[in-house]
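Next come two complexes, and both contain subunit A; in the first it sits with subunit B, in the second with subunit C.
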Partner chain A sequence: MTNTMNSPETEVAVSISVDGQAVSVPEGSTILDACTAAGIDTPTICYGPNLTPVNACRVCVVELEGSRTLVPSCSREVEPDMVVQTDSDRVKHSRKMVLEFLGSGVDLSQADDLNAWSEHYGADPNRYGPDAETMNEPVKIEDDLYIRDYDKCVLCYKCVSACGDDAQHTFAISMTGRGFGARIATEFDGVLPDSACVYCGNCVAVCPTNALQFKTEFDLRQAANWRPEDQSVTTTICSYCGVGCNLELHTQDERIVKVTSPDDHSVTWGNLCIKGRFGWQYVHGDSDGD
Partner chain B sequence: MFGAGGGTSSYKEIEETNLIVLWGSNARNAHPIFFHHLLKGIDNGAKMYAVDPRRTSSAKFADTWLGLNLGSDVALANGIGREIIAAGLVNEAFVAHSSQGFDEYKESVEKYTLEYTSQLTGLPPEAIQELAHDYATAETAQILWTLGITEHHNAVDNVLALCNLALLTGHIGKWGSGLVPLRGQNNVQGGGDMGALPNKLPGFQNVNDDAARGKFEAKYGVQLNPEPGLHLTLMFEAMERGEIKAAYVLGENPADSEADILHARKLLEGLDLLVVQDIFMTRTAELADVVLPASVAWAESDGTATSSERRVQRIRAAVPPPGEARHDIDILFDLAKRMGHDWGTPDPEQLWDELRDLSPMHQGMSWERLEQTGGLQWPCPSLDHPGSPFLHGWLYEDDLGGRDPAPFSPVVAQGPKEELTDEFPLRLTTGRALDSYNTGVQSGGFNSPIRYGDALDMHPADAERLGLADGDQALVSSPRGSVEMRIRIDSSLVEGLTFTTFHFPDLVDANVLTSDAWDKKSGTAEFKAASIRVEPLVAARG
Partner chain C sequence: MADLHFTDATATSGEVEAVNLVLGDNVAVTTETERLVRGGTSRRKGLRHLLLPALHALQKESGWISPGGLNHVSEMLQVPPAEAYGVASFYEMFRVDEAPGHDDDVAHVCVDPSCRIDGADELIASLEAEGKHVHRSPCLGQCERPPAVFIQGRRKADSVPADEEPFTLPQAGDPSLSLLKRIGVVDPMSLDSYREHGGYDALTKALDMGADAVLDELVASGLSGRGGAAFPTGFKWRSVRDAEGNDKHIVANCDESEPGTFKDRHLMEHDPFALVESMTIAAVTTGATNGWIYIRGEYPLATGRLENAIAQARDAGLLGDDVAGSGHAFHLEVRRGAGAYICGEETALFASLEGFRGEPRNKPPYPTTNGLFDQPTAINNPETLLNVLPILLGGADAYRALGTEGSPGTRLFCLSGRVANPGLYEHGFGATLGEIIDAAGGAQGDIAAVLLGGAAGSFVTADSLDLPLTLEATREAGTTLGSGVVVVFNSDDNMVDVCERITEFFKNESCGQCVPCRVGAVRQHEMIVTLGTKPMAQEQRDLHEDMVQVMADASICGLGHTAASAIKSALALGIIGADSQ
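Up next is the complex of A and B:
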């Protein structure tokens, strides 16, 4: 894992220029880290601080002096005296096109971050017309823990990485098909309970568009009662074993509605198991378990 | 052996170690997020051995699985020790400087030749030799265990046998090497740290140490009993003798979780007074004279929990307790008041500071630092101390930090207390499933798509011999009782060994079967080794 958040003990600083501003970051950091250090916000989709970069989405590209093409800031490591532009016309145009193309064929209605960036760059996914619209696949609901909504999938690979060798090593899902037929699938595209899935929910945790969604959130949204503005998040420790995983309890109306884990904590790096992720329901006396 | 009851190493260390020996632990199921760290270690090139009678989901990630006979752990450890000595692979500088009693240890393991160890463990001599040589020659190596080591009648011997190996090789007291017991509950480490052990005060200070006890007596203005108290198993024996007549049970369900459960229930029923403080109406609570409804510690109250890497972390209230349920400390404060002691208004931070005053290893962990750092690892003796990623670095110091060298502890191999007989010819061992937890009162609250309930897992050859097919009902009996169970065929077991979880006591009372033999040194019962007989229930078929 390329873990830029867990900086090595022997830090050598590297200085680069970002938008004319001198920034110094530890050796091994990425351009994205340098942008963050310089206080510059960067759009990302396929990047996760706890995942190895796969360079799939290209939305984080920046202009690097001396480089023929734009470079993905999430994976490109800093080198001394790099000169980087994050807000040039070329960068803005490229980011806008990525967001527009994705939005033209995918339902981004629950991807709040991406929508904010689309607005920022003036991206208008609708200009490609109805022919580019989503496939209108029914939502896959196969159990009480999480759902799969393929209309919302941008094929960013994050779920595959989290299920695979970046964290869980379960390898229950992978990319299948080509071109427009490409999609994330279980083995032989079977239902989840028959797959290798162990329901850790680490794929759901990294999904940037809510294509993978906890069932509790899905149900509340269906009932028009998912109210992020009324939710608070409390960090505590899971009780199901002695590892000490940090849980972020998302609560609404004094009830837990979702559980995540901080992706910058040295115990979990954002990951949980089925018990920590889903085993909270007894707190509210719900005992429909058997 | 080394003077503190905690895992020696940080999770980060297993990512950087060279050799992983997972012994009697199915961490993939029982400690899944720790296993992520272990997997990073494998990805980084570490070699892994799994020592377990079962080829568990953890063992499937190992380079080599050593499927030893159930309960032959001391024999294997002694055999490894003997082979390390015989092959001239002892870390002689470390043994000379940091240990004592090597000669006695050497003598004690002399008879555990590869051939004899192979006989006792059922393992090929080459596999034992390979593990011994790899462990001795690795630059860094960790041995990790859980209840496969400690739920035996000779639990302490098992642990000591592993400690001996670390002393032989110097795989203790340095980054990447260590001895790591993985804790089964979020604060079982913290409970011990806080003195919830019959012979300890908070911070692992001994109750029979006058200076340590004096500190507590001065603080609270009372005389404390210098004699160690009773651990759980001895409490049940004292109930049997009529010496314990009342019990106050907080957040534990012994009427479902004790081994030889029918006997334990009878003893609880025979008490003059049973008080249960719990968040559920557990089977134990049903037996109680008084039930005090408590709140969910990790989601409804403020405090701390201490993990397997000795990291003290904050727990925080996210939701209020329902109905008349109250915080544990509120209940205790009110009880004290009824007994004539006004402790004021309970405040978690104040209580924590009180502990810091009395427990040197927690002194530097202010509430504020715990908030800022995401947790600190003990010992952390002062506010400017960063906490301790690993323990026992003193073993490598020139003057051993002023301590005595660490002693070898010769131990003798003994099999499980309950032997196989013609009447009870199969071995039964127990463990956790990935999606469930202990007696199931918590994990029963959600619908897991991968839950199959308590079944008796059995090797295909055993099933065939008994005329059983997957899904059949069978009558399973041990010398203590019988239960009906569903049979599940599992070819990852070895012949003669059966396995069950114990998460659904309402459906299958698995602890009717488990052995009540227990370890005199730790008080732990031998949940991991009973002898059983399995008979098909014809009526259930078709």
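Up next is the complex of A and C:
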């Protein structure tokens, strides 16, 4: 889990150099933390503030003096006197290629952050031609709460971590298969309602590409009526029990379209249960819950 | 019942029996009290390392990993079914779909370079014509006797038909052999025979010398790892000895899967006690009490002989609570892989052995402090381990008399393809490529290319026959010795087809964890298939160079780092994509 949850009583500072700039961060911080402290924006995909780093996407790599290969900044802890480059040709090349590779095989049409970075680094997924193999997965619609569109999946493991050790401890999904055929799935790729899923939606909350999305959002998008610019977010506290989870109600046309919780909230760390995440239909007063 | 969720599928009585036979008394306590006391991950990790053996039992019983069988294993080990499925679906030898013919034996036929140019297609066609259930397999480690076959038995032992043939070592009787001197001479099933040929003298000497002197001798010998990375063995062992913690491990990496490699199979099949002895020396030297032999699932003969060697050594007091009366404890067991090249990568091997998907971990931390079960671990392959015996018996100076200053000692070479006498050879470091090919009876036909170091190595041409095969000379020449692979191709061989297969190999064997390797391996395959016999345009060459660089720079592990190196060399040397083709 995050180091923000257990900040040590006495912090030992470690100094490193990032792009020629001296940066001092607490011991146990990552290079990514140091970059952030230095005001350097770093692209990330599989990194989540409340998730154990899996360093799988490799888009956050940096050049570390003395290291033969580039190193993932999200998981590599700082050591005294490290010399890090975040904008060298090698770093820019790898970041560009990771984004380009993903763009060539995955539907990133709803991954705004990634697309901004792709543009920044000049990634051109079309270099691999029209016949490049893609994820090629149909949308899985198995219930009224959320959908799984694995055509958009970048296999970042965040949903697996959130379902497992890092948050929910439900273990309904896993990485399955191998290589380019790897997919997130329940056992034997069964449907969610038959699986261990408890519909907390914490996987949806961490998905970076909208491969997992609220059914409400999916339906509005299908109807060409998803209008983020017309949405507002209202923060409130969940009324179901005494835990006191913060809810962010995303509304459009005065109807709730999805619910999130702040990543930095000391009660939820972004997580909710089925009630807070999906149990808001009564607000609309519709007798059938639609 | 604990808090895991299961579908309604139930195991057959045969599945329950097969799994329980493997697990024995090692089943999870699933009472509510236990669940409350030890929740989450800690509870699950206790028995998870039995997942792979249990899945093997299911596969053998039913011919696939059935939902009911998976539920039973998951319940007994308290592993979430989704995770157990994620593990099962990772391996070549496990089927997770009930395809037609799933209840037959499966004939795995190798389609990698040495077999591909020597009858693999014809064999597959004839087996399929006989109605056999055929699986096109990556390298089976039998490159000296193509085309290679491995039979995965249903409700009976796995087997390799070629193991029925009499064995001969090409260099048999050569007095200069160091690592191979007992091969074909000693009875691999007899501890007494091993001792008659000098067996366990090195352990006796190691115990006399003491750990510090053993480490000094190893460092002085300059022994380095024979798997490809060439890390100094003495330093590795010293790091493990110096690491904090009482639970330490010695792991023999016997997941030999690099296309073209079969050296460790020979060592394990014909000199299994030597591996057990050298691991025991590693244990008493580093202070490790746990030993694991992780052997690829396609090596049934070696597996059986190692299990026999361990049992005999244990009976003789050479393993167990008090090794040879020294007071050191060392417990050794064999674990079978299930078909995954990536599990030869050391951290992926740990994950596999622990019962997780064979996905590599980022380093640091290194295995010497955070290895198997996150504990200090020395991991070496059999060839490296067996070098310890002559070093201790003859001393570092004598060891260094062979080879070069930068590459002391001898090296095993796996000769296959177009040579007169394919097989396993031992040469002092420094013999040239040409000399090594000549020692195998010379090339058959004109040498069109030589694959050096395996699929993760690189091609060279006849222009490199004078290249001394040392770590330093190959590095300088931009190639590698890798795992000692030398596959010779002649002008009749279809190099486009060979290169396509190499790209397909990496596409199939990438674990899929990191983007550069998962996607890069596929894009490289598409590029080479599209290229065919045509000249390669500059734009495509640039694109391949871009792919080479990101895979080498940003992949998690060595598989990704090297997955494009053979093709890079093939393009540079004009073996494929040349204007004049």
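The rule we apply is simple: the second predicted complex is superposed on the first by the 281 of 290 C-alpha atoms of A that agree within 3 Å, B and C clash if a C-alpha of one lies under 4 Å from a C-alpha of the other, contacts with A are read in each partner's own complex, and residues count from 1 in each chain.
Heads up, the rule we're going with is that a contact is a pair of C-beta atoms (placed from the backbone, for glycine too) under 8 Å apart; a residue touches a chain by one contact, two chains touch by 3 or more.
Keep in mind the model is a prediction, meaning the values are calculated, not measured.
**Student:** If you stack the two complexes on chain A, which partner ends up touching A:S75: first (subunit B), second (subunit C), both, or neither?
**Tutor:** Once the two structures are laid over each other on A, A:S75 reaches subunit C alone.
**Student:** On the A-aligned overlay, A:S24 touches which partner chain: subunit B = first, subunit C = second, or both, or neither?
**Tutor:** In the superposed model, A:S24 contacts neither subunit B nor subunit C.
**Student:** For A:Q222, is the partner it touches subunit B (first), subunit C (second), both, or none of the two (neither)?
**Tutor:** After superposition on chain A, A:Q222 lies in contact with neither partner.
**Student:** For A:H169 in the superposed arrangement: first (subunit B), second (subunit C), both or neither?
**Tutor:** A:H169 sits against subunit B and subunit C alike.
**Student:** Kindly classify A:S15 by the partners it touches after superposition: subunit B alone (first), subunit C alone (second), both, or neither?
**Tutor:** In the superposition, A:S15 contacts neither subunit B nor subunit C.
**Student:** Name the contact category of A:A56: first (subunit B only), second (subunit C only), both, or neither.
**Tutor:** Second partner only, subunit C.
**Student:** In the superposed arrangement, does A:Q231 touch subunit B (first), subunit C (second), both or neither?
**Tutor:** neither
**Student:** A:C200 in the overlay: touching subunit B, subunit C, both, or neither? Say first, second, both or neither.
**Tutor:** Only subunit B is touched by A:C200; subunit C is not.
**Student:** Classify the contacts of A:V243 with the two partner chains as first (subunit B alone), second (subunit C alone), both, or neither.
**Tutor:** In the superposed model, A:V243 contacts subunit B only, not subunit C.
**Student:** Taking the stated contact definition, name every residue in subunit A that is touched by subunit B in one complex and by subunit C in the other, in rising order.
**Tutor:** On subunit A, the residues that contact subunit B in one structure and subunit C in the other are 165, 169.
**Student:** Could you please specify the touching residues of subunit C with respect to subunit A in the complex?
**Tutor:** Per the touch definition, subunit C meets subunit A at residues 4-5, 7, 39-41, 67, 70, 80-86, 89-90, 96, 340, 357, 359, 362, 507-516, 518-523, 526, 530, 543, 546-547, 549-550, 552-556, 561.
**Student:** If you look only at subunit A, which of its residues touch subunit B in the complex?
**Tutor:** Checking each residue of subunit A against subunit B gives 1, 142-145, 165, 167-169, 192-193, 197-200, 232, 234-247, 249, 251, 254-256, 265-269, 271-276, 278-290.
**Student:** Spell out the part of subunit B that touches subunit A in their complex, as residue ranges.
**Tutor:** Those residues of subunit B that touch subunit A are 11-12, 30-34, 36, 39-40, 43, 61, 182-189, 280, 296-300, 305-309, 311, 313-320, 322, 374-375, 434-437, 441-450.
**Student:** Give the list of subunit A residues in touch with subunit C in this complex.
**Tutor:** The contact residues of subunit A facing subunit C are 54-59, 61, 69-70, 72, 75-76, 90, 93-94, 97-98, 101-102, 104-105, 127-129, 131-133, 154-155, 164-165, 169-182, 185-188, 190, 194-196.
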